[in-house]
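Here come two complexes built around chain A, the first alongside chain B, the second alongside chain C.
Right after this comes the complex of A and B.
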């Protein structure tokens, strides 16, 4: 199964919600839509599901134009962030509802529902109504409905956002297995870069109604097309700063510059923007982290086994994220180190150049 | 240390007085009449259950009761499905919502005797707009003052015109309270329009429909003003509903005893059928 978007757009009145977007999604791996709240993930999913009309463009499923086809006829599943279950039906009936609509035999429905319920540990709750379940159980019920149905495409719109931490971890691990070997195109929307990395597969980066980059998740993480994509796919936010290339050196400030190697060395002299991820800026030095940054600590946070520090260098704010516990003091001048190998350089128009 | 005294009674007293004066005492008066024979000069003679016995053996009572049930079930069978259909067809947002709602509410705002008078004038065969149109333009013989079938059709259509709006407004309130998410989920499940109605809209409307059916049952079972003004119970006795008959006995003939017995039986039937309706419609919850 494939799902292909050709130059689709969505407009409401004079506002453009989705700018022309083309994508080719395939079955067999997760397709993650990554972007902040309001970047157009849900809008794009609704377009693909046929819940909202296209302003222009076409959608193909397995090569067939479904742009004009109603949602009912597209044979899809969708799980929302805010779980939707029919309140007057039991969990069993909820999971069975799409199968009943499809006219499946009773015995087969029974088997399918029980299978889905077992995977999502809902077996003891099959005879309860949704309002008798906890939030996590309700969301699992909604997921079970999506799993039980043999759909062509499964849309998961931040399905784990409202669950507690433990359940989230657990389900995130299970999700790729659940849909593996199904033949359905799985689209997973999230606002968390880590989630995209954990789920693997392919990722499409969304920013302000634009799909800025699409490709294998690891590739686009390592080599974002442009500055916007780099910013979308980084949490905490990626550090950026204007730099000047002179000869073989890249200069961040008059007294801070480093020797360039590889493709970066071949750039023409001039102004660039550099970007480096927070976890490549560390408070300890290794032989590789040649460049020392001196800054004043503004905010320090300790989350479990990671320490993050926001520090200022001149008029710039940077973030460092390192494994281990570091005793930062607010207002203290501290040294941080980075490996210039990990720096990305962007041309003034935002394109990645090295 | 708890203070024990009887002061709390003062707080309950106003309610007790109110209930006593507007329900208990009037009902007991009726009960009182129903077991006695009344003459002028406030002369009363004990009758026991005689009036009840006579009434329950009177064909006149049963035919009026039959007409009453026929009327009530006819209008319920029309108004409930029609009301749901209109509610489903009404716009859920935008400019036309208030327009539709006000238009729907209009018939209910008209005083009942005016409704009867309006329909009377509207349907008179010689001068009424509808009566004249049917007879002289379409050539259909229609005279609700002479023909029992025409009289029945007219009082049923009048009630449908007057009260379908109530079912519409209540159903509409139930419908707009359904979140979009359910409709989306149903679309994704591949549900047809019928399935959406049967499994989403109807269950969501169930509570308000229960109220609508109960209200329509009680109101139509006790209806008096509109048919009385429209047909006066005629032609002959063909549209003499229970309430019309009751007023004839109580005020026309001033037979207070039989009228009181009939009122109590009438009340008991209304109560019983309402209870059965309510129990049947809410037994799933």
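Right after this comes the complex of A and C.
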């Protein structure tokens, strides 16, 4: 099964919600839509599901044009961020409902519902109503409905966002196996870069109604092809700063520069923007982290085994994220180190150049 | 007994007094009612009720009232359901103004519409039918029902509609199998208010009927006979008009509380 978008757009009145987007999504792995709230993930999912009309462009499923086909006829599943089940039906009836509508035989429905309930550990709750379940169970019920139906495409719109941390981790581990081998195109929207990395597969980065980059998740994490994509795919936000290339050295400030190697060395002299991920800026030095940054600590946070520090260097704010516990003191001048190998360089127009 | 019970008890006694007096009167003879003050019927009589249940002019009054009230409730809810769905789910040009305009219909006194309705219905041959009264009352009940139902419908997330479409439900199937069961409290509350308005409204009901659709309240105003006012009979008829309302309230009492909680009753 494949799901292909060709130059689709969405407009409401004079506002453009989705700028022309082309994507080819395939079955067999997760297709993650990653972007902040309001970046157009849900809008794009609604377009693919046929819940909202296309302003222009076409959608193909397995090569067939479904742009004009109603939602009911697309044979898809959708799990919302909020736990949406039919409140007046039991869990069994909820899972069975798409199968009943499709006119499946009673005995087969029974089997399919029980199979889905077993996978999602809902067997003891089959006769209860959704409002008697916990949030995690309600969302599992919605997921069971999606897997019981053998749909061509499954859309998961931030399905874990409203769950607590433990449940989220538990369900996230389960998700890839739930849909493995079902032949459906799985589209997963999330605002958390870590989720995209954990789920693997392919990722499309969304920003302000634009799909900025699409490719295998690990590739686009390593090599975001522009500055916007780099910013979308980083949490905490990626550190950026204007730099100047002079000869073989990259200069961040008059007294801070480093020797360039690899492709970066071949760049023409001039202005660039550098970007380095927070976890590549550390308070301890290793032989590789040659560049020392001196800054004043503004905010320090300790989250279990990781320490993060926001520090200012001149007029720029940077973030460092490191494993281990570091007793930062606010207002203190501290040294941080980075390996220039980890720096990404972008041309003034935002393209990745090295 | 604790002091804090005194005020509620006094309040309830105060509320129940006229109803008690009506019930007590209905078991008295007209002679006893006119003869002076008595807390209980001195001689119990069921004659008043016997007259109502045996005299066709009386029991037809009840039947007529129930017929047009039921017809009105059905029409009002059937018309208000799709209207309320549109107001709750779609944005269209002038939707808020239209919603407000609908409600302003309730601000006009019924008397204003009595004459035009009378003339129009006479001209088209609707005069003195159940449909005449039911339609006239719909002018007041449809806006009310739309308003109540819109509140309940907006309490159902739009995602539920979307989930149903994704699951393959066609719109009608979704509306009746998924949506209606989730707003049945609202339908109950709206039906209750339609019923009550239509049941107690007298001016239009009297103006638009003569014989065949004459409501019970109109029958009650014509009890002056050669023997003077039959007060016992009137009281018995009054008791019987309270009963349908009481039954309806019993059925929707939980929904009404829910409607209040949603700020729409």
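Operating definition for what follows: the second predicted complex is superposed on the first by the 354 of 354 C-alpha atoms of A that agree within 3 Å, B and C clash if a C-alpha of one lies under 4 Å from a C-alpha of the other, contacts with A are read in each partner's own complex, and residues count from 1 in each chain.
Keep this in mind: a contact is a pair of C-beta atoms (placed from the backbone, for glycine too) under 8 Å apart; a residue touches a chain by one contact, two chains touch by 3 or more.
On a predicted model such as this, the values are computed, not experimentally measured, just so you know.
Asks: Quick check on the chain A-based superposition: chain B and chain C, clash or fit?
Replies: They clash.
Asks: Which of the two partners, first being chain B and second being chain C, lies in contact with A:353: first, second, both, or neither?
Replies: A:353 sits against neither chain B nor chain C.
Asks: Applying the document's definition of touch, where does A:51 land relative to chain B and chain C: first, second, both, or neither?
Replies: Touch partners of A:51: chain B and chain C.
Asks: So, does A:80 touch the first partner chain B, the second partner chain C, both, or neither?
Replies: In the superposition, A:80 contacts both chain B and chain C.
Asks: Regarding the shared-chain residue A:167, is it in contact with chain B (first), chain C (second), both, or neither?
Replies: Touch status of A:167: no partner.
Asks: Give one of first, second, both or neither to describe whether A:302 is in contact with chain B, with chain C, with both, or with none.
Replies: Neither partner.
Asks: Return the residues of chain A at which the contacts from chain B and from chain C coincide.
Replies: Residues 49, 51, 70-72, 75-78, 80, 82, 84, 86, 88, 97-98, 101-102, 145, 149 of chain A touch both chain B and chain C.
Asks: Okay, in this complex, where on chain C does chain A touch?
Replies: The touching residues are 157, 159-160, 162-170, 173, 178, 181-182.
Asks: Which residues of chain A touch chain B in the complex?
Replies: Result: residues 49-51, 70-73, 75-78, 80, 82, 84, 86, 88-89, 97-98, 101-102, 145, 149 of chain A touch chain B.
Asks: Please give the residue numbers of chain B that touch chain A in the complex, ascending.
Replies: Touching chain A from chain B are residues 181-182, 184-185, 187-192, 195, 199-200, 203-204.
Asks: Across the complex, what residues on chain A touch chain C?
Replies: Touch residues, chain A against chain C: 46, 49, 51, 70-72, 75-78, 80, 82, 84-88, 97-98, 101-102, 142, 145, 149.
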